[in-house]
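Across the two complexes that follow, subunit A remains constant while its partner is subunit B and subsequently subunit C.
Presenting the complex of A and B:
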């Protein structure tokens, strides 16, 4: 009973505490916290694709790049307000992401990974070399926009924007995985043939999950651009992807809360090793290996085993059903 | 007539390198179902070991290269044993993810002592000028590359056809359960295959380094070319990897000359995307059958 209570009140209380965070931070810490929240959004998107649907795709960092560049270029070149530019980044990534799903429909195993790796590298190459549009390696600066009292120059103001986006996207993702769609994803991950026999359209479901995951990456990328204020193509390469993989795997695959833990841990970690690229690579790489080999469920999986975290339930009402069965079985 | 001839010669030399990279990828994939995303870094580590032995220990060139290849072979053997054997029967995504981690760990390890600098790797015959054969002009380095790749290919052919270990490897690739039932030590075969693949990767590394320069990020380019070669060859076929590699080298050179030099940078991505869309099982691959 208390566990249910904690489970129910956890999110509202957490958000209330988060709302008060800017009162206690300086600008630098606020900047890092903003990054953490952006990475939560991105990790949730990757978790849907990699954890729930079991699609091993390499394009998440590139989708983040598409979102970031769409938003940044709209704002920088056309003076579009971020209220439009950020969602536009998400939708642009979703459109390209669902195109990337085309190969996934007929390809299995190794080929999907290779295909998406090639697409991701190609996108990065375009970002670097299509200088007329993307400004090449100079990168794009985000203008400091004002909207009533709200200004993009302040890390504190940005925090509330990003937090609101994260809260909405988190809830949407929770709902998605608990819906029929979420169960179809798991069915496809476990066995495509069985899923097909149960009337799940593999093509539609895969296209949808690629699009949703890319949308999260795109929104995350656009907000990432707002947080940093200046983006370069190099920021969306393979290293970025390994950061995403590490967050999702170390936090825990198939757990929304795991993505949050992973983002908090792995975004603050490089701040401690600031500037030392070699150490960052070494630590991310080794952590990724160690966790997959020895703790494949990640931190969230470990916590679930110990009973510190509730098992995530893919079927809504499952708990009530269990309770009823228990009562009826007992009587 | 001269230009196509020259393009063919250097294309074959580059292609031989890509074929060696693809060979390492295909061997590991066939045996353990692992896509080795860290193979480019194995190549880089091999080249750096060779460079260090040559420059800091002053070993003679062939000895240094041989030692680098051996060291990478041992590294592959040990890596398989500690990192991949415990999860050998897990989902292929899990295994591939470990290789992604491996790739970055190796890059970090190389970057700690060598930093962000770019090193020039000495050639085997630094003083010999280009060899002119009628209308054909070849650099000695290219000739060495083609020669070594050819010798290695023949050696591997003999190894897989006529030695017990080679036959056991093929048996394990074809049917893991069957192989272990008839008493093949499949664990040893796994480690042996990794050792072989990493050693071949190191050979490619020390051959590529004089022309490609030496830096911790050098592996990515070769990995993608190797993937392109392997995909073209069907990803499950050793002859396919070799033919695919040579074809990629030739396509690169000809398209780079006649279409645009930028094509050489993106050819690997384009070929992977094109082949997978149009002809997903490559030149030598077979369409898999689904069993319910």
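Presenting the complex of A and C:
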């Protein structure tokens, strides 16, 4: 009973606490919290692709870069408002990301990983060398736009924007994995041939999940640009990818909670490790290995085993249907 | 009715099926018999579109389906119960069945009604609704795989070696199930190595060897001990 109460009230209480966060933080802590929320969005996108669909694609950081650069350049060069620039970042990443489904139709596992990694490197090369558009290694500065009471100069204002985006994208992702689409992803991950023989279109489903995942990375990247105020190509390279993978693996694959837990831990960890910056990548690598070997379900998987977190459902209304079948079966 | 004419299929440069032709009339059980490596499973996969087809035509209820991708073929009314069952082991019985109903967009009451029909047909699954598919016995897994295929309400059901690895008593139960399905009007194409079992349920039999149909006959006219028949089966 207590556990049910906790599960039922967890989300509303968490949202209420989050809304009050800016009252208790200084500017630095608020900046970190904003980054955490951005990484939740990015991790949810990667979790859909890697966890639910089982696609070993390594271009997520590059998709984040496309979202960040699309939004930043639209604002910096064309003076487009962030209300348009941020969604544009998501859609640009989705358009390019859906192309990732093309190699995924023919390749699996390590081959897909290598191919998408090559695409990611190519994208980063373009960000560095296409200076006329991207400003190269100088990076792009985000203008401090003002819209009524809202200003991008304030970390507190940005927080509410990012929080709202995260809440919407979290709910959308939950709905997606609970839908026919989510079940199709899991079926494809488990066995593509059997999935096809159950009427699932591999081409459509893969194209859709690559696009959706890239959209999340793109929106995350655009918001990341707003949070940082200045972006450079180096920020979307291999280390960024390692961070993404660490978040979803340590937080927990195939779990929305896992994305949140991973983002909180791995975004705050570098701040705690500021004194030993050189060791950061090493620590990430070691943590990744330890979790893959000893706790493959991540922290969320462990918590679910213990009953601290509820099982996440795959199909909308599944619990209601299960209860109904049980009732009818018992009568 | 399923009609296959001159079907050639294989893997890359390897041609496994060398122009097979067979017909599965509506309401009948047709068996495709052959030894290991004869091309039985490739034939099933080629019909479903998951193996490359080089030539030939496949018609389901008069419609050409040989150019369609697998998911579209399922939507037209073919369902495969694959060799080795191929369930989703981490999903529950109910979740696996739901997956079978996805192709028709089943939801809510309609989904529950079809699922109840499966549970009525397979009472042992009824008792294990919330069990993980991977924890079921071989016989129960075969029932679940069959139930999952039935959830798409197929006009023709393809059963690929359903008796593999099952105890004789379970095979008998499977025979009873296939007969019951057929009596309910279900058209079935059965691929088997177990000749005795196949002859006990089939109306018509084809024998495949080296990727070609080498013999066909009404099941009632065949004697499992027939020398020629045994020679063809290798």
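FYI, the second predicted complex is superposed on the first by the 312 of 331 C-alpha atoms of A that agree within 3 Å, B and C clash if a C-alpha of one lies under 4 Å from a C-alpha of the other, contacts with A are read in each partner's own complex, and residues count from 1 in each chain.
The criterion applied here is as follows: a residue touches a chain if its C-beta (ideal position, glycine included) is under 8 Å from a C-beta of that chain, and two chains touch if they have at least 3 such contacts.
Nothing here was measured: the structure is a model prediction, and the numbers come from that model.
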| item | value |
| --- | --- |
| Which of subunit B and subunit C A:279 touches, first, second, both or neither | first |
| First, second, both or neither for A:238, with subunit B first and subunit C second | first |
| Which of subunit B and subunit C A:18 touches, first, second, both or neither | neither |
| Partner chain in contact with A:292 - subunit B first, subunit C second, else both or neither | first |
| First (subunit B), second (subunit C), both or neither touched by A:99 | neither |
| Which of subunit B and subunit C A:201 touches, first, second, both or neither | second |
| First (subunit B), second (subunit C), both or neither touched by A:183 | second |
| Of subunit C and subunit B, partner touching more subunit A residues | B |
| Touching partner for A:193 - first (subunit B), second (subunit C), both, neither | both |
| Subunit A positions touched by subunit B in one structure and by subunit C in the second | 193 |
| Subunit A contact footprint on subunit B (complex, rising order) | 29, 35, 83, 86-87, 90-94, 96-98, 100-109, 111-112, 115-116, 220, 224, 227, 231, 235, 262, 265-266, 268-270, 272-273, 276-277, 280, 290, 292 |
| In the complex with subunit B, residue positions of subunit A that touch it | 50, 54, 56, 103, 106-107, 109-111, 113-115, 117-119, 121-122, 125, 129, 193, 238-239, 242, 245-246, 249, 277-289, 292-293, 296 |
| Residues on subunit C engaged by subunit A in the complex (per definition of touch) | 45, 48-50, 69-72, 74-75, 79-80, 82, 86, 88-91, 94-95, 98-100, 102-105, 107-108, 111-112, 115-116, 119, 126, 129-130, 148, 152 |
| In the complex with subunit C, residue positions of subunit A that touch it | 180, 183-184, 186-187, 190-191, 193-194, 196-203, 314-315, 317-318, 321-322, 324-326, 328-329 |
